[in-house]
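Here the structure is laid out as structure tokens; the discussion comes afterwards.
By letter and in written order, the chains are A, B, C, D and E; residue numbering begins at 1 in each of them.
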Amino acid sequence: MALALTSSAHGTVVEEPLAADQFNQGLTLLGSKKYPQKEQAVRLLLASKDPRTQTILQMLLDGQLYRQKKTNAVVFMQKAEDGATHVAPLLVDGEINRSYAGLLAVKKRSVKRVGLNNALRKQIKQGLATLGLAAEDPANRAAAIEALIGELTPETNGLLVERLALETDDDVRELITIALAVDNLNKESTDLAADIAVLADSLQPTARNALVSFADATENPELKQQAEKALARIDQKVKYSGFAETLFFGLSLGSVLVLAAIGLAITFGVMGVINMAHGELIMLGAYTTYVVQLLMPNHIGLSILVAIPAAFIVSGVVGIAIERFVIRFLYGRPLETLLATFGLSLILQQAVRSVFSPLNRSVATPDWMSGSLMINPVLSLTLNRLYIVLFCLIVFALLFALLRYTRLGLQVRAVSQNRAMARAMGVRSSRVDALTFGLGSGVAGVAGVALSQLTNVGPNLGQAYIIDSFMVVVFGGVGNLWGTLVAGLSLGVANKIMEPMAGAVLAKILVLVFIILFIQKRPKGLFPQKGRSAED
Amino acid sequence: MNMTDAFYEYGRRDQVFEFLKPVQSPMLDVAKGYILYLEDISVSFDGFKAINDLNLYIKEGELRCIIGPNGAGKTTMMDIITGKTRPDSGSAWFGQSINLLNMSEPEIAQAGIGRKFQKPTVFEQLSVFSNLELSMSGAKGVFATLTARLTGEQKDQIDQVLAQIGLLDQRWLDAGSLSHGQKQWLEIGMLLMQNPKLLLVDEPVAGMTHQEMDRTGELLTSLAGQHSIVLVEHDMDFVRSLAKQVTVLHQGSVLAEGSMEQVQQDPRVVEVYLGE
Amino acid sequence: MLSIKGLNQFYGQSHTLWDLDLEVIEGACTCLMGRNGVGKTTLLQCIMGLLPVKSGSIEFNGAPIEKLISEKRAPMGIGYVPQGRQIFPLLTVEENLQVGLPARPDRSNKIPEFIFELFPVLAEMMNRRGGDLSGGQQQQLAIGRALAIDPKLLILDEPTEGIQPNVVAEIGDIIRRLNEEIGLTVLLVEQKLPFARKVADNFCILDRGRQVATGEMTALDDTLIKRYLTV
Amino acid sequence: MSVQSQNVFNRATVVFLGTLFVVAVLVPVLNMLVSPDSSFHLNTYTVTLLGKYLTYALLAVAVDLVWGYLGILSLGHGAFFALGGYAMGMYLMRQIGDRGVYGHPLLPDFMVFLDWQELPWYWLGFDQFWFAALMIVLVPGSLAFAFGWLAFRSRVTGVYLSIMTQALTFALLLAFFRNEMGFGGNNGLTDFKELLGFNLQSDGTRIGLFLCSALALGLGYLACRFIIASKLGRVSMAVRDAESRTRFIGFKVEYIKLAVFTFSAVLAGIAGALYVPQVGIINPSEFSPLNSIELVVWVAIGGRATLYGAVIGAILVNYAKSYLTVAMPEVWLFALGALFVVVTLFLPNGLVGLFNNLKRKQKATAEEANA
Amino acid sequence: AKKEDTIKVGVLHSLSGTMAISETTLKDTMLMLIEEQNKKGGVLGKKLEAVVVDPASNWPLFAEKARELIQKHEVSAVFGCWTSVSRKSVLPVFEELDNLLFYPVQYEGEESSKNVFYTGAAPNQQAIPAVDYLMNDLGVKRWVLAGTDYVYPRTTNKILEAYLKAKGVDAKDITINYTPFGHSDWQSIVADIKKFGSTGKKTAVVSTINGDANVPFYKELANQGISAEDIPVVAFSVGEEELSGIDTAPLVGHLAAWNYFMSVEADENDDFIEAWQAFVGSDKRVTNDPMEAHYIGFNMWIKAIEKAGTADPAAVREAMIGISVPNLTGGYSAMMPNHHITKPVLIGEIQDDGQFETVWQTSGLVPGDAWSDFLEGSKSIAADWQAPLMCGNYNVKTAKCSGQNY
């Protein structure tokens, strides 16, 4: 067994004690600094079949166990209000200490968490998985079985066969069948043709691997052919999944581009302000997410939802301030907005460095956004990306409606086309400007919330997106929201289609070259402003 | 010619390399007496037919007035002649030999078609003088303009035009600070400097007083003969005072043609355009 | 209704309007005349607040407005048809007409029907971009747009420029009708004498930024015309 | 716009060239003849710094030519600068010969290191100065020509053109980062030893480079003046103000733009070539779009469409950077950012505008006093 | 202060621009070390004075600032640089003006300058031991070498590739991937890694991904469901500081190889952490490997000054070799003749509190190798700054010293 090998490689292994002492000895060994001992400890705990084992291993996995450096005793640790560190014994009267009875103040660096390494973690998880075969939630059972596929021992094989008889959930049944089939193939036993047929319908990588090695190894030409046919069939399906995956990657990259650009499509596309501080407004949105999480550390799941309006307001207010104190004086001098906002972007970056430090800030991903939506074993859509695609579409739809169907939208466009005349028609241009700029900035902030889930929240966040944002807006056609959407999504997809062929860098270069050439054909972007006025 | 001569020819100081010379348009050929042929021209924008099977012929030296309701397609027609708009179908020839549809705007301009725009467009940040200087006929290549120096003669010519358009005092003013009417005059001046064979004049007297109108009229009449002129105007007094051949455009094609008197009588023209 | 006293205006260093006085009588149609470049458009832009004035007063219905920001003037009931049309080129005809609606005293957000009666072509072109219209169509749109805010005073800067004769006549009629039927006060800049004579009650002549003559239209005689309107 | 500007040697030009000349004479004198203990002594560090500013100034002049006079807001001029710099860098690399760390007679260190067996074809010839000099002009020039040929012919204008120039420099940035390209990847080219046989670390070479930069700036400035004062200059301004109208009076706008744009790119390339030996490194970050944007900012700070404004802007901003990064290393970006904002808000025509305003006011008061 | 009163120390770390994120901390570290030294009375009876400049992540500016520090401010040594390109940019300046640079970051090697002291790890002090660990202890058979496209990852990967092949790894079991700086969209690459790792052979990622690109990389790994038990990632550029900006939950179990972890149990380390947290006024701030490198470098410099009896760079340079000072992992680090130092190598697994759990460690100190033994071109090159060799680039075969600028 692999585990035994690794542990013995490290030297002295304590003699296996009698079952009664296994639990206690295991617990003691857990406090050791050395990994072979800890592995031994876990093995002992599992072997003891003690009811407390599961809880303790789970706590170990969750990092809730500490050891005192001096005594190597496994203890609880708790931080008091004043920052002082307290410890309590793990077992009180043989029961796991839930009340933290007997807390004792100690020096901060005198306790240390019981460390885990991957081998240990795997060992614990597999142990728990075996315990988890009978778990109540089918998803948990499925996870337990997946952890076992390809690694069946005669013992677990037996467990699975037992389980199959009891199992009611179809997905879990299927998994068990596959696990058993893989095991059979590896052993070259019994009814191989049936096993191959089972695996041919599965997209599990382990199933495919089993088939591959089987096809390589088998001497039976019939079975070999059968296995190869099954493989071809799997590969075909994998290929389609690959297409779908690439498309999804492209759309999700595209929606990030759209989100980053869409605020700019308003401030730059509609108002004509070359806003170099756009990226920093995105950055402020991301930092807002961080602050919101700081303020509600126990509600990370909710924090993102709170952060969206908060970021909109923060970036929007900053945007309005920028408009009121700077941009306002520059209407009619659009190129100079570039200059001033470039200055502002430097100031905002440095301000963030001063306030939040130059280091990146950590923004947590809420549970409901982590993980992925499994379509099949080779195609799963990551949830955070999926939400971001949806989010992008929602933001787009809202903005589009706002500009198209509201009075403010009409006034914004009127002011941007002929400020003096709009004023003469009674449009309060300064209010419209402030609101519009605030809107564009607010949307940038919202984009920041989305980006905080994907990338660094740091002072350089904005700079990474400003170039792309301008590119998307211009490629789509300035002043056309549809253009921004289509441009962003298509650039994303184009990038992702080329990436596997050319590599990430070359793909990006090719996309840029493509844009440059494309603009020759359509000098005003994908969706140009049409009509006479646009001509001269 | 022997080699040395050829070489000498090539290197002459007063000579430029062939490829540096401005592209000469094929000789304007007006042997048949017509300078402009528009045949079966149609153009539409987003499905809206602005010009519809238009046929129009302009004689050399003629002053032709084009009238017609707003939106009849007069300006669009000029756009087609000057290369700004490409028609969907039809042909447009300058003389017998120059196919306008194959040429770019500057080529057309250099071939000898000048235009005054309906909405006066001048180079707002250049002085009135420079506006005229740039419009002046002559070589317009990169190298030619880099080395061009104004001769005394050319300066006189500019002064003369300045006097003609009444902007002598404003010669060093930025054109952008001229009033609307002054810009109209400046555009006319730019047209004069260009000295084209065919002048397309879109509503030159809009925003002018009656007297200025008369002066413009005189100017145009004096130019006719040497030059061919196509004039678009809504001011009937002005058109009448020129007393020339009139074409009425309606919905993108010719509705009536003839002298002003004849056209005035046409009930269709009265209905769609002149009114009672 | 509109009363201007001692108005001075500068473009940078150059003094364009000099101690200018102008009285627009309520319910009447006043025509502002003068050669090219004497400052007519400049004066109208001062009234609309689009240019800053150096000194002098502008009163509308007794209230001083010279210090007011531009966008406050439309809601007071001043409609403006600028020289050069100034259509919003990328808005549709309909949207062009809607822009001013919030300035209407009744706050209605419907374009008044009579505008389409006056200019049927606008109804036809409802969904086209304003900038695509022909020059004359744009001019009609500009007038319609000014009327859409239901003004008490209508200011028109060379409204007939580039408009076909029958529509010019019609515009004349419309101005008269609005003037007579609903008592709309009109301030008009016009170069064409016949038209001016037809629609205006009063005239006011500018020369080099100064007001040089004013009176009833009937008093506009050849000497004045020769002196101030010919070149 | 006045008659003045039609004269190549207008007042501003004379003053500018005069000042440049004085600086060019004074700096070496103060460096070499004045004793190091004197407070008038300029150390070599400052000379090189000044030389660098001058190359930046030339670059700014090139930008001003296309932006101020032709109306093309190029957000990619840094690319031409960098290409000129790379051409020079390649020459300098080849000059290292077998003195590199791996001692390879032909290949630069980074190629040895990446296991390249032979010199890529595009490195051939760069051991000759004349060839490198030609490339310094040709490479940025041809790129500008090719790019302009495409863009101007299809009438890509305004922000579309600006963003395309940005895309161009961005694409080059990514490309030059790639080690496969054979230009040293992120590290770029460095560790130069000599130029035309002169040791790059010697003070004499430094002064020589400074003088070359001054000369290049003077000549570049004059050439731009010559263009601006010619009819071509006025056509450019016409294109800037009303491009399509220019066509209708018979100018082939695309050729005008192409010529001026290409010339400007060549100037930028020369500036880059002079920059590299003075700073001792050329690497892809010179292609960074933000660098190019900053260039435009220099011009705007100084005053657009004046040429000498561009020079003033470039020198001022870069001096401010040099000074502030030492004087207030933690907060200098606030100062620089604020400078940009304040200049835009209060000096619509840049520093030059401020200067002219003051002069005009002075004149006005003088006239009043006379009256 | 008058010149004679103080010994000036240049601090050349970016405080703005892309690298500020990493370098600002090192500037603060230097300020702390200098302050502490001054509390102890300075050195040779003189106080130390820090001259801080901001080269703003701009490589030519690094050279300019280096020159300014040396020529204008007359510093006795400079502590600075992070990226290799910034070091390459300043290198000629230090050699020309014969001053000293202490470079605290792990780097690609292939260099030994008379004027630079390399206190970070050379590849043999980080990469090779990490791969050994993966191969021997975790049984890794398939390798993804993922890096940012610049010289440090390229060199490291080249060395590793040669090393792996020498160990009998098949070429098709190695895949190498380069991405640009700040790469943020890792979807396709992570999907590829997943596929590469799904063949049943144990797979690991050796990451030389730099700086900002790491966060989106790890996030994508987690989201695509790749855990450290499936495909562990061992990184050479992710330390405590970087982790403090990442939501570490999904990273738990991934590895890093360094010469120091904040979690190391040693008294020097406890003192250092305490001093640092007091200095920056926050007990949340972490320490990391380059900080330790500066700690070592600074103490060596002080000791060398004392040994030389002067702060004059040339004299100190000579005194440096052989100096040995305590490092923070409970041992001593010594300056070797090739201007690199001896260090222990530690491998740690990321824990969810952003700290590393040391899971493996070299038994002794590993001396830094300036010229890799696994590269064709540099096998036969040696560096020795002692007489008689006095060369950073000595070809043992041809017995020639090349590429020197002094």
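Just so we're on the same page, a contact is a pair of C-beta atoms (placed from the backbone, for glycine too) under 8 Å apart; a residue touches a chain by one contact, two chains touch by 3 or more.
Bear in mind the structure is a predicted one, so any value in this text is a computation, not a measurement.
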Contact distance in steps, from subunit B to subunit E | 2
Would you mind checking which pair of chains has the most C-beta pairs in contact?
-> A-E
Relative to the centroid of every protein C-alpha atom displayed, which chain's own C-alpha centroid is closest?
-> D
Could you find the chain whose CA centre sits the greatest distance from that of subunit D?
-> C
Measuring centre to centre, with centres taken as mean CA positions, what chain is farthest from subunit B?
-> E
Note: subunit D sits from subunit B at a C-alpha centroid distance in Å of 43
Find the geometric centre of each of subunit D and subunit E from their Cα atoms only, then give the gap between the two centres in Å, rounded to an integer.
-> 36
Where the CA atoms of subunit B average out and where those of subunit C average out, how many Å apart are those spots?
-> 32
Whole-Å gap separating subunit A and subunit B, where each centre is the average of the chain's CA atoms = 65
Multi-partner residues of subunit A (each touching 2 or more other chains) = 349-350, 463, 505, 508, 530-531, 535-536
Touching two or more other chains in subunit E are residues 15-16, 149, 178, 180
Within subunit D, the set of residues that touch 2 or more other chains is 174, 177-178, 242, 244-245, 330, 333
Can you list the residues on subunit D that touch subunit A in the complex?
-> 73, 147, 150-151, 153-157, 159-160, 163-164, 166-168, 170-171, 174-175, 177-178, 242-245, 289-290, 293-294, 296-297, 300-301, 330-331, 333-334, 336-341, 343-345, 348
Which of the residues in subunit A come into contact with subunit C in the complex?
-> 407, 410-411, 413-414, 417-418, 420-429, 479, 529-534
Subunit A contact footprint on subunit C (complex, rising order) | 48-50, 69-75, 80, 82, 86-91, 95, 98-100, 102-103, 109, 129, 131-132, 145, 149
Report the residues of subunit E in contact with subunit A in the complex, numbered from low to high.
-> 15-18, 20-21, 24-25, 137-139, 149, 177-180, 182-185, 187-189, 191-192, 198-200, 212, 215-216, 219-220, 222-225, 228-229, 232, 241-242, 244-250, 253, 263, 265, 270, 283, 349, 351-353, 357-359
Can you list the subunit D residues touching subunit E in their complex?
-> 43-45, 48-49, 52, 98-103, 109-110, 112-115, 174, 177-179, 185-188, 190-193, 201, 279-281, 283, 285, 321-322, 325-326, 329-330, 332-333
